[in-house]
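Please read through the structure below; I'll follow up with questions.
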């Protein structure tokens, strides 16, 4: 067999074998990976809209998804908003939940972030940051309390605490949430989310 | 009065006042003179005499048939005692002719006065200069005959007479200008004739105002211009002098020829005049014996081949504290291990003083003073490091061969790094390497 | 070709030819994923998996592959195993897969792997290649372990997530950042050289 | 006649009067007003930090000189003391002392001796130490105490620049008055608060020619232009150039850190490029960056450029262009 | 505007070498001389740009439509290898001087994690085509900046009295560490 | 279908690539130095750049050009190094074992200083200023040869003269090049008698400068004229083989011990 032919045959065969092997692997793992992803989202929804039994995507665009959360009886108990934006270093993806009328934020959960460890990364810290987001008044834009205070009581209903030394990361989270909140309200007002609600009734 | 100058450089303390008003006086010829056969840039001369020969004062005793060389003459009359290696101020011993002085100063019979020296043709002048063994008396001892023979394709338009004497301490050239102004000017005119140049510029540093005033009063028919320069070191370095006076830059690795200039030291032009007009070959020169280590500093005219010790003794001897003996100026002069070395044509001064016996060297802190002071526009600290680490090709490409070893960098270096020494090491290694490659 | 004993063939990867400290290979993952010990171990294991399997395959196929397309073939083989490792981790260890990000797929361009194929597996028997790959893998894991331990302990005061430093300790956050990675590895390389020269002089 | 008592060495035999220790001690001397000011504003805390920082620097330096068999006289050339002082001056007064020790060790080790010692370092040693601490202990390094107190109060007290950046003081019209910035009655690092004390020292250095005037002039002028443009377009949003010059570490950085001879370019042209780079970066970081202060980062960043700057701004060799 | 910030971020904030740790091998290996470092940087930038384009096309035209995301690694690396080969041969044929200046660095680039990393990162972040290209160019320039700065520093350190065990890679890594510190100053600048 | 697409994709990719490569190899084959090819093949082909060159091929070219050392590839290990060396044919074919010898006995006690030397402490630098010793031919004692030796075979002895360790010396000649005064020479290891001076001056001057200088008296040459001659005032062993063992005592009557044996035969 001449050299060129051998080259072509060998590489093609290698490619074919690799392709088939990968096809098998791909199929074996596909469902599992999708399942992982699904579960991650469901867990997050449950965290920000407690009591959710059935969740459903009601609106989606790039890097922005609204899920509706319903209880066992099929009643809407809130929305979970998945969103992302730039942080101090890189993208921050987060999810927050609201009540069905979008008057208050239940809680906030950070899904993905690459902020400075030990500093900006404290946005994932329950004690230092996330707990101050529980049950906030969503009537107007949320604002940040600077400098940081020690207890929940010192904050206004629509105020959240900043992280000492990581003001920017806190700020970024705030603006991501505020933007998405605004969007959610508008969508709600425009009735874009209603069809889903009707389904349940 | 506006003075001209070149960029960069330094201004060290001058110490010239000790000798600047002491007139030149001859050093009595010693009992024997030791005349090295190699006192110049180029090939060494071969001896023309042998042991036991009687020689006259001014008789040619060494000659080479190479173009890049200079003849050597006896500075006394007497008998050749031996021809053997002898200590040399430039380092390793070289063959030298030792002549015992009969004290009669019998002049070589061929030496005659010239009737009308200024009417000679260039060829003749060059021949006389060559036969008189004249070399640049500023220190480098470049054969003058070579300098007077520019290549045909490089026409010379300007002669620069270097009266800067920018080295601290030295005053011999200053005195020469004060005492023999006519000889110098006429010598310069001879140089102009020999090279076919149009104009002569005499550059004088403004610390020699008296010379300037004196020369201003004199009237010559020559195309002469006297120019006052700022007192700054190294004002007298060939390329910097050209840049200061004419704003011309001699190309890297090039010679003043390349920009149509010939530069001559005042001492040299005086020697040229003496040789052409009086037939007197170069067997004596003016020099300064000074420094805090010399008991009574003087400006002397010394026969070539006299020992340093002779000159020092005549100036009252060395102080006890003196621990450094330098031939030439303090910036570029060579430290001597002994005073048992002969005065050669390039000896512009004999200096001695007390120097601390410790050198504290600090790390280079890149202050950049060597760079701001280097008159050649080099980066000495970097070249030093290249030289230290044997990065010779880098050193060469960054211009180490352009270094004139003026010492401005080291003078201004706060870290006390022997920059010049390192640069010399690098330069020599590169030359060695080239020699090896071409061999 | 001088053949070494099985033991020596294995051992050389640990120190003499340690891919990270001695050969300076695979620096990207070494620096990028060693901010926590668990990441370092996971990366080490994934790389080992790819290295060992592709060494086996390459050494088995060495006669069949013409030299002109060998690099291309090796790359395909390596990439196949990398994909397997990547998918496997994404399926069964999602948190680690997430924290390692694109660095698992990047194993495909880790010079250790391609380098070993070229330098060793393509010229040696299956058995020897396996041992060589095992040795290199161990060396790589070891290096990652050392680096990640230092970084995690100093940077967070923890080891594998467990608090090991007392309360007095203020974590040096720089250690888990890029700057700390570079500096620590630089110092470790110097230490490795010092140890090497010490052992050499002792031998002499 | 043969007397071998003479000194043998290469020319030149004359030497200028300046020496490395003289330059270094001039810098130390020039820092005294600022140090005194920090004693006044931060009392015993300041003294402790200075003492600790300088002594640890000296000890580390000594250890390295010994280990690398270098002449011990280098220990007292003043460079280690300067590093110690400058490091201390850039630390918050409330910083715990063990962190000071780490900073001093890092300054001398990573800032200087890994490169081969004084003169070989690429980065300003004090700033390397400071940057290391800033990134390693971000919270401790950004916790400030009010001036003229001796208490370590963890309640946050903001620096003028911190105010500007995070509290949007400019919008609220709550900028620290220039007068306080000038005298130093503000929160901030030990030695950087009092502009007047620093300027006093800087004037001395300029008079002594121990620093290159181009660097501070370049930095300050470009910063003035840069911040001035923004200030003119929106005085209610941006602080004035005067504020930017007096606030934070600009003066100490421009006069004492960026001028470090070892880590700044050699030629005048290079020096201008370097200074303008620093000034511009400071402006960019302060106005748009994540940190309230950018002096340290800007200087370190431009330090990395110095070898390149030196290479491309090499002076022209006499006769270079006219090579036949 | 978004593209500009992405571009600046790729060069300064999330510098390829100093933040993502990609391309460390050539960063350490070819940073001894400024000239070769610069050529290497340009070569990387060039290949990165083409890779960005090619990988985006493969990803969006083949892999995603056919649900073949698990073929990403294999297909990217093969395409990169093929592209680099092609470019190398092309340059060699078209312009020998350019080949001398740039081409000799190309083989080194094939197995360079910088290129592969770019393809993967762009895919991971789901950038649009324009963004991918900008990201590619910016990352390449970021790499060039880092490697040229490093080369300048190393040329200077070559003359310095660096402790023996730190010479070479050791000191280069420490310098990289301090450079990373200096680059930290830019973080938070992407808005 | 789901299985087929990936298989086909990969197969197609492989096909296209290999076809492209095959064509490319045909069309763009460039004639090369076979040595480069050989070395290139011996290298790991990791193209990692660890050697400092842009890939294995560039390194191979550098080796062939002599720019890079044969052991420059850190990745391949000893085998690669051995192979590369073999291809380049760097095998030393030594016949007579030589060693470096120092032709000077001007130790600190014997040779007088010329002054208080404060310049750079290397022989090369000192030599430029005329040297620190009075003798212009002798050892300067700063150990340039020690630094030049890549094998650690030369050390500075306590007396200010370098000492060669014959066991370590490979006669590479680096020290010979490094010595600015050319007093080191590669001499057959077996040669037992040497002239320990390079001074060309006569009589008083060398004697004053160094106790151990050859003063050119010629005693040795007269004792064994067939082997030893005087040249430029210096004794020279013209033909070591012709030294008559019986005449050795006469030769060793040298008043300054400037000629002599390295070791007495009976000592081994």
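When the chains are written out, they are named A, B, C, D, E and F in that same order, and each has its own residue count from 1.
Convention: contacts are C-beta pairs under 8 Å (C-beta built on N, C-alpha and C of every residue); 3 or more make two chains touch, one makes a residue touch a chain.
Predicted model, so just to flag it, every value in this text is computed and none were measured.
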Any chain that touches subunit F and subunit B: D, E
Chains contacting each of subunit A and subunit D, listed by label: C, E, F
Label of the chain whose CA centroid is most distant from the centroid of subunit F: A
Pair joined by more contacting C-beta pairs (A-C or C-F): A-C
Inter-chain centre distance, subunit A versus subunit E - centres from mean C-alpha coordinates, in Å: 31
Subunit C and subunit D, separation of their C-alpha mean positions in angstrom: 41
Distance from subunit B to subunit A - Cα centre to Cα centre, in angstrom: 85
Centroid distance [mean C-alpha coordinates] between subunit E and subunit B, Å: 59
Touching two or more other chains - residue numbers and ranges from subunit B: 323, 334-338, 357, 359, 418, 421, 424
Per-residue multi-chain contacts in subunit D, two or more chains: 2, 4-10, 110, 114, 117, 119-120, 132, 135, 138, 290, 310
Per-residue multi-chain contacts in subunit F, two or more chains: 2, 5-6, 9-10, 13-14, 17-18, 21-22, 25, 46, 48, 50, 114-116, 118-120, 125, 128-130, 134
Set of all touching chain pairs, with the criterion as stated earlier: A-C, A-D, A-E, A-F, B-D, B-E, B-F, C-D, C-E, C-F, D-E, D-F, E-F
Partner subunit F, residues of subunit D touching it in the complex: 2, 4-10
Complex contacts: residues of subunit F adjacent to subunit B: 114-116, 118-120, 122, 124-125, 128-131, 134, 136, 200-202, 205
In the complex, subunit A residues that touch subunit F: 3-4, 7-16, 18-20, 22-24, 26-27
Partner subunit A, residues of subunit D touching it in the complex: 138-139, 142-143, 156, 158, 166-167, 290
Residue ranges of subunit B in contact with subunit F within the complex: 84-85, 90-93, 323, 334-338, 357, 359, 418, 421-422, 424-425, 428-429
